[in-house]
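Same chain, two partners: chain A is paired with chain B first, then with chain C.
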Partner chain A sequence: MAAAVTGRGVAFIRGLSAGLYSRLQVLACGHQQLSCLHTSSSLESKNWERKNRKVYPPQLPDEPCRPAEIHHSRRQIKYSKDKMWYLAKMIRGMSIDGAIAQLEFIDKKGAKIIKEVLLEAQEMAVKNHNVEYKSNLYIAESFSGKGMYLKRIRYHGRGMFGIMDKVYCHYFVKLVEGSPPKVEQRTGYDQAKEYVQNLRNRTIIHSL
Partner chain B sequence: MMNLAGLIVSLRGSLQRIEMRLLKAAGLDAHWAPALAVNGPGLLPQPDQEQQQSPGLLDSIMWMAAPKSRRTIEVNRTRRRSERKLIKVKNNIEPCPECGHLKQKHVLCGFCYNKVCRETSLIRQQINAMEGGPLRAPTVETVVLYEGEMPKEEDKDKRIVERPRKRPAWFSY
Partner chain C sequence: MALPMRRTLVALHRAACNSVMHASGTLDARSPAPLFQPVRTKKRFFIPPAVGMKGKKENNPEAKARAAGIVFTQEIMERPINISCTAGILDPYIPPEGDARHTSLSKEGLKQRTEQIKQSAASQLAIRKIKEHDSTFTTKNFAERAQEIFIEAHNALTRFNKDKLHSLVTERCYPEMTRGNRYKTICWRFIESLEPPRVVHARCPDMVAKGNLYGQVTVRMHSRQTLAIYDRFGRLMMGSEEQPKDVLEYLVIERHLTNPYGQWRLHGKIVPSWAPAKDPVIKTVMIPGPELKPWQEFDDLNYEVPKPAAVQWYK
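Moving on, here comes the complex of A and B:
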């Protein structure tokens, strides 16, 4: 009986050690294979800021002028990402002057922050990114992301508690030189017409 | 002697047996008390008490509204991003003709208002210094004069507040 127990115990230990060894191997081989390890994101890599460093090869004389792109962001803003999204959505596709004008008259905490970010980005564009006219910029991309939350305890009755999140968000903006592109206004009538046309374009396959 | 004791014991036994048989015949030997003593109403719940339970936490769950199923993220997004929830673009913003800052059409320019506020607070500080304490306002009107200005004919009865600077352009005299 003792021999059987020790036999099983040895097998168990062998299995354990094999598992540990394989785990260590996997950990050591690299972060690309394991998606659950955040080694490339969130903590030390700020991808959005790195986009400003991208250098293109010099353009040939007959190529159309590549418009300047300026990426700017602000991290760990004490605001909710969902509330920030509404502001980011509003200024998408606007000229920078129009966006700053709108944000000045919105009664939201995030509006002031986004206005500061836009003014910083405009200054950066003129100083570092060879933009000639500071008004000749429009907002190509603007969105908000979730920052690192702090957790706190929220006390309920009867000794119960909940965990409260102190929310933070990031805000990202990409300015492009030039006038804002005109968005084609599609009415409901146009959409309905297109839908009916799609239905009419259907054919019966494998028919005579 | 032994015969006597044995006789008495046998007599006693037979008498007891006769007593038992007599009681059984009469039907008086039945045990009426229950073998185990229990609380009366607990054993047999009355039918009218069953429907009416005391209102408590369990009962209140019966009629409270509760969601039947989880709202999917698509449904949630459609509600959160619908037209009425988005921020509307304002079309009543114009530049102030005085200072050039932006203002809304039906609202005073914030910059101009702030500059007037600052000058007014300085005038008020001067007035407080002149009065020296609370509740000492004179019963006459007040006139603010800047550098190099003389009071006019109609201002001779009024209290004069001197400000040691040039008259601002927006403050006409």
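Moving on, here comes the complex of A and C:
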């Protein structure tokens, strides 16, 4: 009886392992469909710079003029991504002249770096991407990302140590030709009015 | 999250003691075991990088390979290059001033015609030399062939067929035609030819060695074409699709005569010094102004933009 049980147990385990093996194979073959697996490593894929290579077909004369978009970035800046975020958030939606003027008078290490990146991007726009007026640009997107960190040891007392990260960040910016879009200023009164209206719009569903 | 270093040290010490005891235990000849046995320690998931770095000696893999007896063959830094076209246009044709301005019926037109019909002696010699190597060469056929090559090459440029373009255009002309085109779209159309193409000039230069002959023939053609260049975003940069322009061009076609498989390919264009200025690009461009000393001011109204000197150049 015990032998029969163990035999069936072994067969059960073998079936399980076979199922697992086949499922793993399916996983490996169908990796293109599954979006949770990363196919390109973060080291060699410079997707932001590749966006500058996209060529659009010629526009017909009755279509509205497509505004020029310039993507630029700087990699491995010796600064924290969280500290860089504050500067990136500040210049979102500003015109390029305004952004450069503001960054010139901010006392932060990242401000000087971002100003250099913006000036580079402006020159690239005029030289390579057929932008007519260098002031006619505004910052459509601007954000910071984590770079590759170096690990070092931070010595504590009593023989304890911690792993210290030397932080690096990337900075990405997208300039678009044209004047900056006007953001609608919403006051507290407008928000309150909208809230009350939402409350008034409620109805009772499935009622008589 | 500080990992306790003392525990590892203690463990190491204990391990050392254990190994010492083991070594002393195996001194007897009955069961010979290695003197220093490795002892299993607690598995470390993170080893700080600086621990192994101190006092790291530089290995010399080259000396080791030589000592092992591995022999590397001498890698000669050489590469054979095939030159199938000349570097420029030798002894270029100088087009007479006002070439396409006068009709052949007026007196000036007739004078120009007579000058052009009796070509210079050097051109005749060159044509004779070309006929030695290429027996099917005649000036009448060649002019039409030259125009066909020109039209096919520009169509290949519009569709950007790299292989076909390389077979129709020499290596010297290819970068001049395709520089800066990667992120632009070019629309070019040949509408009609206003005058039949004509061979005006021929030369047979040789490169590097004495007998290595190349034939360069200049063909004059007057035609109507449309050109429109769009930038990366599909916006018109230069020219227009509907408006055709009358174009007078002097094409230089070249062939490597001593090579039996040589092909007649477009080598360049001669732009005369009296050619009218090209159409400007659609956008406004900033040009560098004059260099000013610190006390000088820039005078907007009286400043004249310097024009480049009118020189014949070839492209």
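Here is the rule we go by: the second predicted complex is superposed on the first by the 168 of 208 C-alpha atoms of A that agree within 3 Å, B and C clash if a C-alpha of one lies under 4 Å from a C-alpha of the other, contacts with A are read in each partner's own complex, and residues count from 1 in each chain.
By definition in this document, a contact is a pair of C-beta atoms (placed from the backbone, for glycine too) under 8 Å apart; a residue touches a chain by one contact, two chains touch by 3 or more.
Keep in mind it's a predicted model, so treat the numbers as computed, not measured.
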(request) Considering only touches as defined above, state whether A:Tyr189 meets chain B (first), chain C (second), both or neither. (result) neither
(message) As a test of reading the superposition: which chain, chain B or chain C, is in touch with more residues of chain A?
(response) C
(message) I'd like to know which partner A:Glu132 touches here: chain B for first, chain C for second, both or neither.
(response) second
(request) Classify the contacts of A:Gln102 with the two partner chains as first (chain B alone), second (chain C alone), both, or neither. (result) first
(request) Considering only the touch criterion stated at the top, classify A:Arg66 as touching first (chain B), second (chain C), both, or neither. (result) second
(request) Please indicate which partner A:His156 is in contact with in the superposed arrangement: first for chain B, second for chain C, both, or neither. (result) second
(request) State whether A:Pro58 touches chain B only (first), chain C only (second), both chains, or neither. (result) second
(message) I'd like to check the shared interface: which positions of chain A are touched by both chain B and chain C across the two complexes?
(response) none
(request) Under the touch definition given earlier, write down the residues of chain B that touch chain A in their complex. (result) 80-81, 85-87, 89-90, 93, 102, 104
(message) Going by the contact rule set out above, which residues of chain A touch chain B in the complex?
(response) 82, 86-87, 89-90, 101-102, 104-106, 108
(request) Would you tell me which residues of chain A are touching chain C in their complex? (result) 53-59, 65-69, 128-130, 132-133, 151-153, 156, 158-163
(message) Using the touch definition from the top, list the residues of chain C that touch chain A in their complex.
(response) 1-6, 9, 46, 48-50, 183-185, 187, 228, 230-237, 283-284
